[in-house]
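Okay, got some structures for you below.
The same chain A turns up in both complexes below, where it pairs with chain B and then with chain C.
Up next is the complex of A and B:
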């Protein structure tokens, strides 16, 4: 008897489960991609102030074309990538998503974002070639429209540099000398820190040195995370940490904020969006910081890397891809849209013409002492080296956190950590079945 | 066969099942199905062909036990388990010891302000785990901690709490601070339910308060001690909030510090839900074996004692 009872229970459970599946299947509607009549689009983004830009569209060009966009605020970075992939799996994705450049190959590889090369017209002409390369992944397709960029720069406390008799380094050798000179003059002050909690900065520094982490030849990927250029960068920072010339504690902690605010750390290699971070991290040092180009590996070079930056992509789940592409192009090339984004969200546009528009005629409030902040930034942005992202950047970045975290803590060899990063990334690609050349 | 009497009896027989339907439905929808799906995923994997770009390059295929094999041969997974074991060896005895001590003290006749003290000890439990970890994280960071400020002013040594061995103490402290109050309430409630005659008899026999505590109170609250131990083991195996919140503050906590953190990283940072599902299943099995193994052992001992 107990057995039959259980059997009946199981049977009813399965019946209920099947019923639920059948109901869920009823939910999906027609698959027409035609753009006749009013269109409603959903847009996932984390950019602050994006709601205002979307309003601008809905009241202006959107109203004319009968394309209404609904903005849904999201968490940034990796969290959103996971969410997009999950939504794509369930076929419930939005029409448009904000995606960081390094996440695009992952999204493309999962079939989550659509090729919009036929729908975006002449948008290419508005962007620098290096930036555009990040949304085409070196193919004929266009997977997104660039939105903002994060060229690397050197930020420093102008007043404290003067106080300690330091000059702004223009090469990495000078940077190391500056760090050592500072340690001699003020042992409890650090020039900066090597932080293992954001791989984006390290990737940007490697990019400046000429590293190409992921490349393709024919039908095969090549992973070059421990190439000569990156090894040079790793050895440089590892050496500084080992000799104690710079700090080894992570950024974005309460301790780091305090160090920046009180002048215990007097420089920060960061991107064009740094003013926003400094405003909250070091409020009392407002007007004391200054920006200079990133130090170079040799004196006659003029090149920088990038840290962050994102694009607007159209999903393959969208039933109105043409309309979505139209919005994506408008959002990232229209002067008013970009001005609003810059004012409300403090983003630095990828569009070259917008970089010198009205919104950027004055420096950010935190850098009121540096009138030519944005003119300089636009010049630096032009020197951004080409980047090379692959389909498992997330794995490389996570490995960076752990391997370089341990290396920074123990002040041990950074090249060993770099090799771990290379091996783990390569092994992951092989495990997934990617064609990889050695 | 179809006489009215017969039909009525069938209806009565079916009634229990009808009453079971709501519970069964909820149980299967929100318990059996998700778990079943997770187990199903743990036997799958993704296979990419070529460069992996373009539609259809990614297919989900059967992986068999591959994900389990990978998880079981992954040193990081074992190291995580060992770290959690070390952490548990500090948390469980200290937390339960303190909870028992506080409960006995509150129950003794000499304590004043019992309701206030009880609430004060219980209060940390009401603070969300992430908030508690953040709060302690601030206190552990030398640059912003008032404790370090005092140590500095008093020219005392300033220990680094966020690396090496002290890290375990720092993490355990957060769990103990948050969990002692809850366990104390459980033990205290069962202390209050001991009939007063038992104490009276003990006093007449000349037992001191200490003897009463050791010989009468503790044995009589043994079932709630077992229960709190059971809960604590489960909570320890699932430690996640504290190391996850302290991770950004220090280089010493890796993204895979505890097994559950590894599941999180695999699923949400690396996007490999299949490995994550396999690891989650393993953790669930380990939790079941350990906690129910302990319960069975405790019950057997109780039965043996009862038999004697």
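Up next is the complex of A and C:
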């Protein structure tokens, strides 16, 4: 997502200043005492409209349980992770934080978030297994409650597909053919672009192909960023860029917005939250876009990756971890809370029961022509592949931006860029003191 | 924003060519500097012009119409900005004014005291102190933000107005500038004469030295004001309550809304445009103190 240079600068500055932090030391919360009497909690989050949801809690269940939550709006992204870690160093962190899934391993390995498996009751049943796996990190602990998810989908200009005589691709081979066919018919129009600014999307695409970038066995990490599945994805997109079948310019730039708005780019591989982005990026194309499942690697598969999504975690600094976990569970499973979040903040809930209720009975305004938008989305969400995040996703992402940025610009080999990403990430893990197996 | 001084100086410098040469030669020589400076002015003013024009565009016009064609959405943008989280923008503006105004004032005061002391008094360790300060000038404040946060946390002051104000009061650069300026603008004879007449050291400083140092202090104030106004990392680390955010931080939260929501570009651009106005106003108002420089610098010794 829009990730300013400044944000990255800040993130790396803070990271350097903090110094490399050592081995995985999982926070345990066994010492959290049963709370009695009024409790005040602070909550760092970036979701728009979260203040209204917190109000709901403070007037309803929070009042009954004497748990008051204070919401403090933050800027999202890697910078927030480093801010949380800084606060954790000084033991002044908030009680609750919103954390992207790929940031959780970093927070856990720094001991910043607590294991709340004992406090959240039956929350697990409300989420798909793949989603739940992202907050347990494959252990018996639970480090957060899933809030929103971003399953990948295929968005396209329905009217222009018709005009150019294209059919919606269901496999990646068809996708490549569609791109080539379009180039023949309209040389100045691109099907889509490969953006080297958005590592999250590439990670999602690799995830769909079955990639597992970080895995653990025993207490050793294994980094598999250049595994066979990811190489396949990199070769595919690198090939399309090289032959000029698709554009190689980054997304989320004014030029990209214009291309989407004027029909110079007629498709976008994105996540369920795309309608919000399209609303501002391509305002004049409202009602002309449509959504379909992501193309598959082989025709008999049905799987997607994810891009974005976040969870609510309880910090180890919190003196009221049980109360905080109670709030986190309510926030992400209560119908009213999720409905308000969806309406005010445009989030797509991780909770399966909320995906078809209330705010999601009608399609987003931008997709008013596609009545079953959210029914389809819920079906696609079920097919999300499990993800495997590690403790230095930020390093991998930064390297992606650099290596793939150069490769996309020069239309050179994407696999070389992928190997750079693997080597840099692995070296950083070793430098940080993680035990890594080759 | 911080290049305003350069911008203001550019056209003025371009119109005062060298004096020794004859008329025809002078015209030819002045051409190249003038063009260079004009290019410099265009280079620095173009982004500002972009912000001004972009702030008049509504969300649907922002990326679809010609870049330098004014839009029709200025009023709408202002209204949206005003409505965002119950007008929290104005709160940020007020916070920035407080951090920058009070911070720069205190910082200038401290700089004036210490600069004057370092320039006029001879005492043991004077050079050592000055050298440490010089090292401080070379140290980017960004490096200090985290240690300062940890210190503030020890004092229980994080997420407070003080946590942003206190670290910015001592500006090594301000002290350095004040010392250099005091050494040049306050002749030792004048201070000596004051002592002969029986004035106390405090009186000499406030009544004799301070008026002579005013132009230098205005510069220190302006530098510090702009530095605090544009500061990002320190408040970012220190503050978590967005009611205490300065404008830089507030606009950043508008940009980074997470990926379910698009960045509020129109609000950010309009907000950035409004945020530059106080700085421009400040420069225009305070500029006159600089011309004072030429008059008051002429103390005969």
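Criterion: the second predicted complex is superposed on the first by the 404 of 438 C-alpha atoms of A that agree within 3 Å, B and C clash if a C-alpha of one lies under 4 Å from a C-alpha of the other, contacts with A are read in each partner's own complex, and residues count from 1 in each chain.
Note that contacts are C-beta pairs under 8 Å (C-beta built on N, C-alpha and C of every residue); 3 or more make two chains touch, one makes a residue touch a chain.
What you see is a predicted model; the values in this text were computed from it and never measured.
Participant: After lining up the shared chain so the two structures overlap, which partner does A:79 touch, if you call chain B first and chain C second: first, second, both or neither?
Facilitator: both
Participant: Answer with first, second, both or neither: which of chain B and chain C does A:231 touch in the superposed model?
Facilitator: neither
Participant: Under the stated touch criterion, which partner chain does A:391 make contact with: chain B (first), chain C (second), both, or neither?
Facilitator: First partner only, chain B.
Participant: I'd like to know which partner A:277 touches here: chain B for first, chain C for second, both or neither.
Facilitator: Touch partner of A:277: chain C, not chain B.
Participant: Given the touch rule stated above, what does A:321 touch, chain B (first), chain C (second), both, or neither?
Facilitator: After superposition on chain A, A:321 lies in contact with neither partner.
Participant: Could you tell me if A:248 is touching chain B, chain C, both of them or neither one (first, second, both, neither)?
Facilitator: First partner only.
Participant: Pick one for A:258: touches chain B only (first), chain C only (second), both, or neither.
Facilitator: Both partners.
Participant: So which bits of chain A does chain B touch that chain C touches too?
Facilitator: 13, 17, 79, 254, 258
Participant: Within their complex, state which residues of chain B touch chain A.
Facilitator: It is residues 17, 20-21, 24-25, 28-29, 32-33, 46-58, 137-138, 141-144, 163, 248-252, 254-256, 265, 267-271 of chain B that touch chain A.
Participant: Could you please specify the touching residues of chain C with respect to chain A in the complex?
Facilitator: Of all residues in chain C, those touching chain A are 59-60, 62-64, 85, 142-143, 145-147, 149-150, 153-154, 158-159, 232-233, 236-237, 240-242, 249, 252-253, 255-263, 265.
Participant: Under the stated contact criterion, what part of chain A meets chain C in this complex?
Facilitator: Those in contact with chain C are residues 1-2, 4, 6-7, 10, 13-14, 17-18, 42, 44, 46-48, 51, 72-77, 79, 83, 86-87, 89-92, 94, 148, 150, 200, 254, 257-258, 261-262, 271, 273, 276-277, 279-281, 283-284, 307-308, 310, 345-348.
Participant: Which residues of chain A touch chain B once you look at their complex with the stated criterion?
Facilitator: Per the touch definition, chain A meets chain B at residues 8-9, 12-13, 16-17, 20, 78-79, 81-82, 85, 105-106, 108-111, 137, 139, 196-197, 216, 219-221, 248-250, 252-255, 258-259, 264, 316, 391-392, 394-395, 397-398, 401-402, 405-406, 408-409, 428, 432-435.
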